[in-house]
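There are structures below to look over.
In the two assemblies presented below, chain A is common to both, partnered first by chain B and then by chain C.
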Partner chain A sequence: MWLEAQRAFQSTVVGTNDTIAPHVRAAYGPLANRIAVYRNTVQQSLIDVLATAFPAVQRIVGARFFAALARDFVRTRLPDVPQLSVYGVHFADFIASHEHIRDLPYLADVARLEWARGEAYFAADAPVFDPAVLATLEPEQLASLKLKLHPATRLIASRYPIHRIWAVNQPDVTEVPAIDMSIAENVLVSRPAYDVIIRFVPSADATFVQAFSQGRSLGEAAAEAMGSHPEFDLQTALQNHFIHGTFASMAAA
Partner chain B sequence: MTASHTITASPISATAGIGLRLAHLSDVARQADDAPRSASWFEIHSETFLNAGGARLAMLQDVRRRYALSCHGVGLSLGSAQGLDPAHLKRLKHLFDRVQPSLISEHLAWSVVDGAYLNDLLPLPYTDETLAIVSANVSRAQDFFGQRLLVENPSSYLSFTASSMPEWDFLARLVKNTGCGLLLDVNNVFVSAANNDFSAAQYLSQVPADAVAEIHLAGHSDEGQGDARVLIDTHSTYVCDPVWDLYRATVGRIGARPTLIEWDMDIPALSELQNEAARAQTIMDGLKASERADVA
Partner chain C sequence: MSELNLKAFAAAVAGAVAVASFAAPSFAQGMGGDTKGKEKCYGVSKAGENQCAAANGAHSCQAQSKVDMDGNEWKYVEAGSCAKMGGKTQAFQGKGMMPEKKGG
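Let's turn to the complex of A and B:
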């Protein structure tokens, strides 16, 4: 009995119907006003959660369009966990398939970047890889070393210049330069301590990082990166990864 | 993450605390050990701190080194006919193990059906059927957490035609069934009374005094005129004078209790919240010695 009423309540607050009306009453005034309080809270609070998680997406499309887009998303996909920091994991895919944003083909990747930043912020704590370890290894040990990505590390590979698009849509940017949309960019997100770092990486480096997520060794990853991008500079790439905490300590297994 | 091994929960005395929101988290976390205390204790929303790691959790553990904590849940959905989500119970227990809260609480409300979370504290009818459901859910949570749960009265904007008992009766029977405590939100009583046309004073006089282990105070908004008028529990402003009056009368009747100032939207400087907490403290301090009844 109560379960059926709960389902009616859910349908009412997520949609626009008043299915719950026969079960409830207002002490005075129109019942619809009272039902609307719950509907507004449910929908608006979830729209606000998405706006907080995807500020650059909101800035690109504008607050009004974003609210409409977010409302569509809320109505099709409610949170499946009562934990708002994980609400929005499917928002990028929703954007990618949305008929009204076909003219912004890069928008889904900007959402992926913003989601990755949030995931990195909340990821498990882990010490970063200490490069001093490398000096203790023989060359063949070095080549077979399987570096482990830090729990906060995320790679976003895009067909669009998403690092530039994301960067010019930060709150403090007032003058937005023209961007060549034909450039493909990769972004690496990492968190060496508690602050999230978002940086552009060349595609050779993206190939290199990707290889570790597929379980490759250092030698294999370097060979893959150099195979597709002869200009790949292993030493410089590794230095940058150590500074930015891309890899986790081997000891913290 | 060694903090859970080095801290243990100590009882919160009948003093005023403050709801700690993200806006003030880093300031409180960064306080030196010898800095003046910002509050007697803090309450957090449990669901804000369920992540695996990161800055937010680290700051909370810094706060916990100096302050007793109350963990106030908003997502357990005690009113769900389908029962509690075991995964969510585990997430909460993990947090409790980390921060060793002195008090844990949830709402007489629901927010989950068929696995979908609605992010609001939705009302339920007060019937024998729902009393059995909520009692089973509260007992399960208490068994799982190994700690007494305080159940908070909700603010509501409508009532159910199926209800067969007033809210205070439902809560009293829930206490009897489960041994849970009550978190008495005086503002919620005021808001619900205005919206649902019952007497807040009568409600407060009927609540089982011994079960009340914490009190909440917050501000609401008063919207619309005439028939369209509705009080909305926004937690966005100061506690209003009629709610202060009800609070004074309540602690006069049941004795001083840990009392929390909640402010969740348009959050002001921490000093404003401290002023509100000081006002609650002054009211408790003004009780005659015979009226004081600190709960351990």
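Let's turn to the complex of A and C:
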């Protein structure tokens, strides 16, 4: 009986029904109002969590559309764990499959970027790789060196210009320019200290970074990037990775 | 490794190390340095605020109108910035419920 009441309450609070009705005493005013208190607390709180985690997505579609989208998501998905900072991990996939978003095929990737930003923020703190140790190595040793990606590092590859879309939808941007949606962009997220860094990387560099996630050595990763992208600029890519903390300290491994 | 010119490779790595060391890089700061005075904030406190106002049941929640919207808001996508950016991509034009902005 108690379990049944709890299930009815849950169904009512996350949905639009009133299956809780038989379990409620009538003495305290209109049932619809009383249900709304709980429903609103649960649903609006979760909608606000999504709005906090996906500000650029919200700005792209507008607050009202976003609220409708988020409410749809909330009604199909309760939090997996009691931790608001991880609520929304499935939101990008939800956007990708949503019938009202088909006109905005880039939106799911913008959501992935914003989620990666949140993941990087909450990722384990770890010291970043200090490139000074490389100065002592012979070329062969450099080539066979295995570098580990930092726990906060995330790569988002897209068929759309997601870095530009994301950048022009930041709060301080007042004039949103027109964007050529036919350009593909990759974004690399890292967090060397406490501030999340979001930057565009050329596709050659994306291949380079991806190689490390597959366990390739520095030399193998460079060869892969050059093999598929002859224009790959290893020095520029590598110095940016060192500066922005793409790799984890070897000592920490 | 056969495609890799080891000499050029080593030179590029050395160049990157030199530039990165010169550029006040983040690895030199570790987890200290510029993080002074900053505090990592866990959770989403803003969203945890209880939205409910009246306990007497006379009215339920201040934000209830947001929740009570029905399907109509799907047409409000024009309120966002997507139309200004060029909105939808070529391949997807003409589908869905977006306001038509062809040629825009």
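We adopt the following convention: the second predicted complex is superposed on the first by the 251 of 253 C-alpha atoms of A that agree within 3 Å, B and C clash if a C-alpha of one lies under 4 Å from a C-alpha of the other, contacts with A are read in each partner's own complex, and residues count from 1 in each chain.
Here is the rule we go by: a contact is a pair of C-beta atoms (placed from the backbone, for glycine too) under 8 Å apart; a residue touches a chain by one contact, two chains touch by 3 or more.
Predicted model only: the values in this text are computed from it and were never measured.
Peer 1: Once the structures are superposed on A, label A:V24 by its partner contacts, choosing first (chain B), second (chain C), both or neither.
Peer 2: A:V24: touches chain B, not chain C.
Peer 1: Kindly classify A:I60 by the partners it touches after superposition: chain B alone (first), chain C alone (second), both, or neither?
Peer 2: Once the two structures are laid over each other on A, A:I60 reaches chain C alone.
Peer 1: Looking at chain A, which partner touches more of its residues: chain C or chain B?
Peer 2: Answer, by number of touched residues of chain A: C.
Peer 1: May I ask you to decide whether A:W2 touches chain B, chain C, both, or neither, giving the answer as first, second, both or neither?
Peer 2: After superposing on A, A:W2 lies in contact with chain B but is clear of chain C.
Peer 1: Between chain B (first) and chain C (second), which does A:P151 come into contact with in this model arrangement: first, second, both, or neither?
Peer 2: first
Peer 1: Does chain B (first) or chain C (second) touch A:G227, or do both, or does neither?
Peer 2: second
Peer 1: Output check: A:N33 vs chain B and chain C. Expected answer is one of first, second, both, neither. What do you get?
Peer 2: So A:N33 meets both chain B and chain C here.
Peer 1: With the two complexes superposed on chain A, say which partner A:R117 touches: chain B (first), chain C (second), both, or neither.
Peer 2: Neither partner.
Peer 1: Check whether A:H163 is in contact with chain B, with chain C, with both or with neither, and answer first, second, both or neither.
Peer 2: Touch partners of A:H163: none, neither chain B nor chain C.
Peer 1: Overlap the chain B and chain C contact sets on chain A and report the shared residues.
Peer 2: In chain A, residues 28-30, 33-34, 37, 41, 45-46, 49, 83-85, 122, 125, 194 are touched by chain B and also by chain C.
Peer 1: Contact residues on chain C for chain A in the complex?
Peer 2: 1, 3-4, 6-7, 9-17, 19-21, 23, 25-31, 33-35, 38, 40, 42-44, 46-52, 56-61, 63-64, 66-69, 71, 73-74, 76-82, 84-93, 95-98
Peer 1: Write out the stretch or stretches of chain B touching chain A in their complex.
Peer 2: Listed in rising order, the residues are 1, 47-48, 50-56, 58, 74-77, 80-82, 85, 87-88, 91, 110-120, 122, 124-125, 127, 129-130, 133, 157-162, 195-197, 224, 226-230, 232.
Peer 1: Any idea which chain A residues touch chain C in the complex?
Peer 2: Listed in rising order, the residues of chain A that touch chain C are 28-30, 33-34, 36-37, 39-41, 43-49, 51-53, 58-68, 71, 83-85, 99-100, 102-106, 122, 125, 127-132, 134-135, 139-140, 142-143, 160, 165, 168-169, 176-182, 192-194, 218-220, 222-223, 226-227, 234-239, 242-245, 249.
Peer 1: For the complex, which residues does chain A have touching chain B?
Peer 2: So the residues of chain A in touch with chain B come to 1-3, 5-7, 9-10, 13-14, 22-31, 33-35, 37-38, 41-42, 45-46, 49, 78-85, 121-126, 151-152, 191, 194-195.
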